[in-house]
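What follows is a pair of complexes built around subunit A, which joins subunit B in one and subunit C in the other.
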Partner chain A sequence: MKLSNGILAVASSISLVTVAATAQAAPAPTPVTFWYGLGGQQAADVEHLIHEFNRTHPTIHVKGYFAGSYGANGPEQQKLLASIAAGKVPTVVQLEIHATCSFAAGGALMKLNSWMASSPHDKSSDFIPGLMVNTGCGKATYGVPFNRSVPILYYNRAMFAKAHIAGPPKTWEQLAADARKLTRKGVVGFEPVNQWWFFEAMDWSAGGQILNPAMTKATFANAAGARGMALWVKMVKEHIAYVHSGPNDFLETIQDFLNQKTAMYFGSAADMAFDDTAKFSWGAAYTPTFAGHRLAVPTGGANAVIMAKAPLAQRKAAWTFVQWWTAAPQTIWWSEKTGYLPVLTAALHSSAMKAFFKKNPNHAVPVYELAYAREAPPSPHYYQVLQDIQNAQDDIMDFSQTPQAALAKAATQADQALTGQ
Partner chain B sequence: MTARQPLRFLGTHAVLLLASALILAPLFWMLSLSLQNASAAFSFPPHFLPLPPHWLNYPAAWVSEPFGRMYVNSIVVTFGIIAGQLVTCSMAAYALSRIEFKGKRAVFLVVLATMMVPVQITFIPAFLILSRLGWIDTYQALIVPFVASGFGVFLLRQAFLQVPQALIDAARIDGAGHWTVLRAVMVPLSKPTLTTLAVLSFVFHYNDFFWPLIVTNSNSMRTLPVGLTMMIMSTGTGGTQWNQLMAADVFTLMPLIILFALGQRYLTQTPLTTGIK
Partner chain C sequence: MVHPAPALARVTRRSGRSADARAGWLMLAPTLAVLLSFVIGPLVLGMGLSFTHYNLMSGQAQFAGVSNYRDLFAGGSTFWTALLNTVLFTLGTVVPTITLAVFFGILLNQQLIGRTFYRTVLFAPYVTPLVGASIAWIWLFRRQGFVDWVMQLFGVTGPGWLSSPHTALIAIIIATLWQYTGYFTMLVLSGLQAIPPDVTEAARIDGAHGLSLLRQVVLPLLSPTILFCLILSVIQSFQVFDQIYVMTDGGPGTSTLTLVYYLYQLGFEFFHFGHGAAVGVVLLAVLLTFTALQLKLSSRWVHYDL
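And now, the complex of A and B:
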């Protein structure tokens, strides 16, 4: 009896001391777990910004984790699915834009409308208008533009001058004519990257739609959808264009441009930092459209989303982090470093950004192209639709099927995905 | 006969040389790029010989991610898995090949069935179990789910079936129980198969990217394949330091090549067919 009393006394005095010590020390910083899906130098840039945030915000501690590539249906999303199933989610995640609505539909993401409305600089209206596409479902916003891009036509200025072509083509018809003039021994006029992102741009810029407005039916298997692919096939058969295939097609295309084996290529704004290493003068131009149609481009990249199941204090801290990240100094730094777009209109009007664009006019092109950004259908089944389109594009470019036939087959499969069959 | 033999020799070796060249070409290119400058991967025409060699790519690659720690993790995890598999699989294979019990056939079929289910189906339930155990981001999460293997049980069962019953009977007459038979008769006579299982398992788990990425978060728990992907920038953007990545590939591949050199003689050894005269 006496012994246990003694133990109790010791225990309570220890706890008193502990409580007193805790009360005196500064409160522990709120932890924020941030999953990102970029590697190499880009990961180093992300970590640099995290470090800067932690240095200037002593009450919050953000820890960044590489969670696998953020690409469509990539490993990061599978890792996230597992963490959601186990109820142990990170606080904030860099999420591919087309996945925003899929994850939000399952209740995994926090709706950000009210926090954005009361934010000093992250209101919806503060972002460059085209960037708010694919940040939510309907009126609900779940994502803040993080690293975003648009498709861009890159061209070799020296080759254009040699072929006496004044400037980059504005239409696909003009592009084909220019490619014919630019093609010579060892050089093709044009190289597209045969991926669904570029199909979206061509379908929309021929007056088409990928899905009907209710998002219940595929509507890309028609003349508008087939038009771009048919043109690419025609150009390849005429040997004025070349299309790479396989897992490195994007990189091989950029590589051909840098080695001056193609005079033009259709790529991403995010390639720009890499193209800056070219040993010749090149230009960035808007995505071409079809004559008589208004240009419409998809955006790409990722949003920052906050996980609904994270504790409120951590979500608030994450929101502070996201707002800091998008603020002008950081978004400008990020954009100059990586080629991804700056996200705030205020950043565009800053003297730093203006000076940068004056020195690097190519980097301003994607920003202006955002005026033509269109939202990809925010359907939770959209990845499946894109996969069906990709399969059709592969069948078209290896000449095993005509554009009409391949797209018709893809539309049938997409319809099944959309109706959940 | 004598006239035909040199021709046959030349023919065989021409085919073998061609096959070796095809297999070695990517390895050579990896080695070559690992010693060139950053833009070499994109230069055309390509430079096949790294002259002068850029040795500094190796230390640069080594420090670009915490590869030292990842090396340790990969080795610990892979050997942990192999040790576990050799023990559990040989025990299961012994029971399935040498002990009669009710439902033996059904058990074997269930073991076989586990080989048909892809990881994409099982990873969420497996993750849930590990998460409840509090094992996420630990060595246990990387090792324990793999210490039993349907493929390993199948492979060893087939090998154990080859051991002549007379040898086992002899051991039993000398007073050996099941444990002794397994340890003193089955395992020594099935060394080539055990080595095969160890090597195949090493290659698979040493290369595995998906599972370590899913169950670990911190760099201190990550394995080499995750480290290699951390060196690759997002798709399409370019800018990856391919020369350093190739250097990292070289030092990642080294243990595999050494292991193969050491284990080769077991792999090519003729499987046991007789043991009694």
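And now, the complex of A and C:
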């Protein structure tokens, strides 16, 4: 017994040494730090994909970090700014699309043109047309579409049937008429979310522009810019529409739709995961336009950007991760789970995606709407312009100022921001 | 007690003094280091930055002369709105805070049953983290929330406190009063307890009672404490940030945009650090002026002795 024990001990120590030697021989996986800005279930979905990537890519180790909301001016951007100033940046970041040029102007982001050109499936032409807007500044591309959305009109099918309305309105004029028919006790016809993203859509759908082509002057304070706001004000005063305000306005609007307190609402494609929990049949439709104007919609959400100051090996590893993330199987999984748009054209043509859209036709609507996507002005000062617009929107919907007056004031302030530096 | 011989004392005075000085500086060093790195250093840097266009990301600063200040003071600039909101917020918080603090201070200085309990309850909000408390206030002030429910009991429909530009600042003022009244009450209380009992005793013997005792003896002797509270709460109000960051983001519109929030917005949201720094310098100047003015005017109403 003693002898066999001894042999066992020797054998196991030899095997341990062998294991250790093998472990030493294999190079340590390249670390990639990935900052994302989605919480709750979506964070769990992100972590699931990170886990899958690490499992299938032993030479790279991606570490996910929830850095607070990725939203415009959100906590994630504050942290990113601090990390840049401190010279200790993450490798890859989910960055809100309108921030691309602000961060690129400061030299923080890596130009991706050459890597994309030689990528097997992440060339600019591989992405669904419309999704490449707001991924760069001028000819330089800094971001790869990550979680993207478009504005969508949601409507309650049962309420439409009851009011004998055949389908969703295509124009804002029609929407107002439908809202009048749909309004009854405890239910308003329409609820828009009074945020700047929707102002972009309203302005463009009346033929307006936010800035001049040189991006040196605000051009939203005119009849086109005021038209959509004026319509919303008119509808609210007529009690056929309701506008939430305050810190939870977006969520409250969605909740009103789910609780059947509004027959329609103007929200984001990214709401679909919420709306899927509705206990009634609903439809998704394109953003309406004013009669006679071509549809033009802004896109929202975030791109994946790679930080310029990260070591080259890590940036390369991050690029492998980004390409894996956008590849068809992952983008389909992500889109089905969250309602964000699939990003590659190849994914759209896959049988899995086709089967999903057949079963969930509402989810296909934003993808088709992308054909009308327009780029928001890629100015490094755009956040400040948007804040001025948001302030005007708040004043307008509170009835404390007319659309023309509020937008004129906002335009003066935006001009200062655009020419100030 | 052992006294050194006079001759010896004369010899060692000089070296003793410098040794004392060295020891003194050594003991001050940690505080000075912290002050220099986190207060005085940033202050000087901030002043310098306000004359530049500074990009935090690239680290490049470009001399801009007084253009940042010119932009701030330009007609129609958001700066004026922020300044006005800050003044309104300061008036709305300082006056009620000090009044309530004096009232509660006097009340809690009486021989009440459960006095310690009341003091604790009043002080508790001050030790509650501002951010957590502000989140609770959002819930209280939300549409059909607790505050609306209470108003409904009196037959009044709530205005949607945080969603209306007419009430959002008032809601933040209410939350701030709740947060800070207890702290200033404690300061007043300590001021009251520093009043020598023999003075009030003597006044009582001379026939002063109730209101006359309060007006002619207690309040004058409390005036240095009130001055201190006043200066502190004005500075605190001018620096309001957390509540606004959590509860309104400066909105709706610009109705709750205050100077420090505007500074933050310019620097950290719009990346215009030069402009942000200029707001900081203006804020410093305004506070210095206010404090100097308060100290100057205080000679008319503050009594350090009867």
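One rule holds in what follows: the second predicted complex is superposed on the first by the 396 of 421 C-alpha atoms of A that agree within 3 Å, B and C clash if a C-alpha of one lies under 4 Å from a C-alpha of the other, contacts with A are read in each partner's own complex, and residues count from 1 in each chain.
One rule holds in what follows: a contact is a pair of C-beta atoms (placed from the backbone, for glycine too) under 8 Å apart; a residue touches a chain by one contact, two chains touch by 3 or more.
Quick caveat: nothing in here was measured; it's all calculated off a predicted structure.
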item: Partner chain in contact with A:L38 - subunit B first, subunit C second, else both or neither; value: first
item: Contacts of A:E47 with subunit B and subunit C, given as first, second, both or neither; value: neither
item: Partner chain(s) touched by A:Y70 [first = subunit B, second = subunit C, both, neither]; value: first
item: Partner chain in contact with A:T277 - subunit B first, subunit C second, else both or neither; value: first
item: Subunit B versus subunit C as contact partner of A:G246, first or second or both or neither; value: second
item: Contacts of A:L81 with subunit B and subunit C, given as first, second, both or neither; value: both
item: Which of subunit B and subunit C A:A417 touches, first, second, both or neither; value: second
item: Set intersection of subunit A contacts, subunit C complex versus subunit B complex; value: 78, 81, 85
item: Contact footprint of subunit C on subunit A as seen in their complex; value: 73, 77-78, 81, 84-85, 102-103, 105-108, 244-249, 252, 380-381, 383-384, 387, 390-392, 394-395, 398, 400, 409, 412-413, 416-417, 420-421
item: Sites on subunit A touched by subunit B in the complex; value: 33, 37-43, 65-71, 75, 78-79, 81-83, 85-88, 193, 250-251, 254-255, 258-259, 261, 267-268, 270-271, 273-275, 277, 338-339
item: Complex contacts: residues of subunit B adjacent to subunit A; value: 39, 41-44, 120, 123-124, 127-128, 131-132, 136, 209-210, 213-214, 217-219, 226, 229-241
item: Subunit A partner contacts - residues on subunit C that touch it in the complex; value: 53, 55-59, 67, 71, 74, 76-78, 138, 142-143, 160, 162-165, 247-249, 251-255, 265, 268-272, 274-275
